[in-house]
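Shared between the two complexes below is subunit A, which pairs with subunit B and subunit C, respectively.
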Partner chain A sequence: MLDVIIGAVVYSNFLALLSIGLCLTILTSRVSSFAHGDLAMVGVYTAYTLSAALGLSPYLCLPAAFAVGGFVALLSFALVFEPLRRAGAGPVTLMVASLALDMVIRYSLHIYADLLQRTFNVYGRDFMFNDARLLVGGVSIPGALIGSSLTASVLLVMLYLLLYRTKLGVAMRATIENQQLAMVLGINVRRVFAISWFISGALAATAGVFLPFRLLVNPDTGWSMLLSMFASVIVGGVGSLLGSVLGAYLIGSSELLFSYLLASLGISTAYRPLVVFAAIVATLMLSPRGLSILWSNGVKGSWRS
Partner chain B sequence: MYPLEVRELHAGYGKIRVLSDISMNVKERELLAVVGPNGSGKSTLLKAIFGLCTIFSGIITFRGVDITRAPPHLRSLMGLAYLPQVGNVFENLTVKENIMLALYDKSSNLDGKLNKIFDLVPELKTFLNRKVKTLSGGERQMVALAMCLLRDPMLIMFDEPTAALAPRLARQVITRISNLRDELGVSVLLVEQNALAALEVCDRALLMVSGTIKFLGSPSELLEDRELVKTYLGLERVSRC
Partner chain C sequence: MEILSFLVSFGTLYSIYLILASSMELEYGELGLPSFAKAAFLALGAFTVGALSVRVGALILGLALEGEFKLTSYFYATLITRQIASHPLLGLVIFALPFAVAVPLAALLGAAVTYPALRLREDYLAITLIAFSEIVRVLARNYEPLVGGTFGAGVVNPFAWLGSPWRELVLFLVSLAMGFGIWLLTFKISTSPLGRILRAIRDDEIAAKAYGLDVAKVRAWVLAVGSAMAAVAGVLYAFYMGAVNPDDFTVSRTFIVVLMVVLGGRGNPYSPLVGAGIYLLIDRAMIFVKHLLPIPFDVNYASYVILGALLIVLLIKRPGGLVPERPLLTVKEIVNISERGDETLLFHKRE
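What follows is the complex of A and B.
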């Protein structure tokens, strides 16, 4: 049971970083990106490459994953979403474009996996990272638990400080609330979008580094977790950054505990997504604004909103 | 050289054409009032000048520089200010944060600027740390006006600043706008549904009908044209302005 709880916390930390990034791009540039899970895999492969090439611990590769993930997301914005937005594309067109982008990133990662396998003679797919274990009070705790919790906490606090304590953050919140007025006041909205995409990709890739500590990964792993990411955002309340984080912990822990329950009852864990679908359906039917209804007054653009 | 010059402008939204063949200018320290019936394209004209809608053809120059294709934030940097009719403040931010945003691209010190604005809009002092969503409609307009003035604009475009205000307050706002022209020496382009009030204070008037200019000249000339006044402004009898 302890291992299930540890797994739930690590998985929820992972989901929290991904869903807050997804929420940020939905709020700023109105893109519900289906390629968001792939950015986590960009982080995985960045850390894996550095580990294979330089023998570094995956934990030391977190800054590199942050930078590469941010860069790939920025590139996606500049080459795909911004040109489409300027051509007047609506949210549905942007969403469909993100599906195409998902295929491009995912299959590029497949090609890269082959390249990696040939170059470094390592498994390009279905690999895991070896994790260090720390002995705390006689209990052996996996490094991923401490690492992912610390990383998620630090990054979420930094994002909060950026949004609420800096001029750029105020400009980002303003752009989220009223893009036209932001432009009227001389804010370069395109720059704000680009920054939010960088942050979103960087958070996703950083989160991704913790995945191979718990499960076998391949270029499709990010895609398979898309349902949980969107569920976190929906359960938290689309447009609420705090809600998406809370939604992530709710979905992450429910998924793992449900999976444990299924296994205990001798039922296939293939039914795990059932709890995620149920959460989405229940939220949309009973409280479409999700958890954010508990504190929000319906105005967009705040951490809580 | 006029601060603002528009030549043969055709503009609209997406593929829909709203403005046709608009040619006009705003002179130094002039208050030009844009009047006309609902749906005549008055607000679209301001949006087109600020780059917030589609320009099909034509040229817009601001202080001699062609800004037809310039992004809105650059127009703002050049000294063009626009006060939208609605959504002209960030409701979820405090008044101080709104003001901070008005100076986003300026390197000037906030305190000095604030004192200057307090002289022009003294009411602002009383609700500086409140969230905008807690303010009344009139107070919000004050914040929006302060944000506009903080940017040291050379030309301010007001889009129906008196909409949703009580008639007495509406008169006060229009008088205050005309005072701004005199006190700050800025040019003003005022779109106003309360045609009579706007024509009383403006230097020139522009009457828009169905996306085209029907009249451009002195307000007294417009008011003397009974046919135009009756048909498009809905005014039966007009006392001298």
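What follows is the complex of A and C.
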């Protein structure tokens, strides 16, 4: 049971960083990106390459994953979504483009995994990171629990400070609130988009580094977790960054509890996505604005029709 | 002879993709819905064949199925196929039954699954459909009595009584007839007043609502029709492959169908004909290149990277596709009239 709780916390930390990034790009550039899960895998493979090539501990690779993930996200914004936005593409076209981007990133990672396997003679797929265990008060605790909790809280606090304590943050929030008005006021909206894509990718890739501590990963792992990310965003009420973080902890823990339940009933844990799907459907049926009705009463956000 | 069998195989696959692309054209091209569960409804048709062909065949022949389904389905499929060689009627029953089961089921599910998201923005619909698609695959993969899980299921050949070259040819002709029938239906919808309603909703949902259209209802109907079409394609696909495997129906397949419609030209009813053909030609060309070039990784990965990049480039550089949607004639005339001024407008009207 302790292991289930530890797993739930590590997984929820991961989901929180991914869904807040996803929410950020949905709010600013209006792209519901289906390639978001793949950015986490970019982080995984960055850390894995560095630890295979230089023998570094995965924890030391976090800054590299942050930079590479941010760069890949920035690149995909500049090469895919910005040209489409300029051409006046609607939300459905942007989604289709993100599906195509998912194909490009995911299968590029597959090719990369093959090449990695040949170059360094390590497993390209289905690998795990060795984790240090720390003794806290006589209880042995995996390092990933502390590492991911620390990373998630530091990054979330930094994002909060960026959004609410800097001039750039004001510009970003203004763009979220009303894009046209922000442009009229002289805010460089394109720069805001680019920065939010960088942040989104960097958070995703950093979060990704903690995945191989708990489970076997391959290039498709990020894609398979995409549903959970969108579920977190929807449960949180699309349009609320705080909501998506709360949603992530809710979805993450209920997913792990559900699979624990399945395992103790002797049923395959592969049915785990059912609880995510149920959460999406229940939210849409009962309260499409999700958890955000708890603290906001105005009609906000970009997913309203 | 080899050329002929290649053409028959290519033609059958083309007909199947023509059905899928037609349904995608209707949902995405005409109505603008991100219909991201195409693979799931294709799978629904295929799974119906996988689950029923052997069992119904055994039931009619009075065979008792022994052992686990996942281990014995291929054996029984061969056994029943041999029986069909002398009982044409049995073959026809096994061929027709999956259509009768899968098509209504897909239509119902297509509307029911999307019900929570029909009134909301398209993003919700897309994510609900992707979630559904993955769940169908995961369920089929893990619930082995259905189609044998990762083992897959054997499928009976319903045209075994025709002998070797003819059974493939008949399946091809039946697929072709169904493919063109469904494409013609899409074409008729697109060029009828109903087609204008769909495009009106796609272009401006609020305006369409203001004209009194029930947008959610139209979406539900189109998703039901599109999903039923995909189920037809799935049934044909299972008989064409001669086996069913759940891992064949990933989101990559949905992506390929979207690519066909964008390649052909979203909103143009000819796009399924063009898109499916060109995609299959690219696909065959890649298989050909694979044999020529030594590449140090799995070429299937590279082909998905290339196709993904192709779709992105198309969306940016040539969003209209190869046969772009033709703008409505009325719009053009109104623009011309307004340029000429009021007097000519009166004159124009009297003409």
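Keep in mind that, in the parts below, the second predicted complex is superposed on the first by the 298 of 305 C-alpha atoms of A that agree within 3 Å, B and C clash if a C-alpha of one lies under 4 Å from a C-alpha of the other, contacts with A are read in each partner's own complex, and residues count from 1 in each chain.
In the analysis below, a residue touches a chain if its C-beta (ideal position, glycine included) is under 8 Å from a C-beta of that chain, and two chains touch if they have at least 3 such contacts.
Since the model is a prediction, treat every value here as computed from it, not as a measurement.
Peer 1: After the superposition on A, what does A:Lys167 contact: first (subunit B), second (subunit C), both or neither?
Peer 2: In the superposed model, A:Lys167 contacts subunit B only, not subunit C.
Peer 1: If you tally the residues of subunit A touched by each partner, is the higher count for subunit B or for subunit C?
Peer 2: C
Peer 1: Check whether A:Glu177 is in contact with subunit B, with subunit C, with both or with neither, and answer first, second, both or neither.
Peer 2: So A:Glu177 only meets subunit B here.
Peer 1: Quick check for you: in the superposed arrangement, does A:Ala97 touch first (subunit B), second (subunit C), both or neither?
Peer 2: second
Peer 1: Check the residue A:Leu216 against both partner chains and state whether it touches subunit B (first), subunit C (second), both, or neither.
Peer 2: neither
Peer 1: With the two complexes superposed on chain A, say which partner A:Val189 touches: subunit B (first), subunit C (second), both, or neither.
Peer 2: first
Peer 1: Which parts of subunit A are touched by subunit B and by subunit C alike?
Peer 2: 305
Peer 1: Of all residues in subunit C, which touch subunit A in the complex?
Peer 2: Residues 28, 32-34, 36, 116-117, 119-124, 126-128, 130-132, 134-135, 138-139, 141-142, 205, 251-252, 254-255, 258-259, 262, 296-298, 301-302, 304-305, 307-309, 311-312, 315-316, 319 of subunit C touch subunit A in their complex.
Peer 1: With touch defined as at the start, can you tell me which subunit B residues reach subunit A in the complex?
Peer 2: Residue list for subunit B touching subunit A: 14, 50-52, 71-73, 76-77, 81-82, 84, 87-93, 97, 100-102, 104-105, 133, 147, 151.
Peer 1: Which stretch or stretches of subunit A touch subunit C in the complex?
Peer 2: Within the complex, subunit A touches subunit C at residues 26, 32, 34, 79-80, 83-84, 87, 89-93, 95-97, 99-104, 106-108, 110-111, 114-115, 118, 223-224, 226-227, 230-231, 234, 238, 268, 270-271, 273-274, 276-277, 280-281, 284-285, 288, 303-305.
Peer 1: In the complex of these two chains, what residues of subunit A are touching subunit B?
Peer 2: Answer in residue numbers: 88, 167, 170-171, 173-174, 177-178, 180-190, 297, 299-302, 305.
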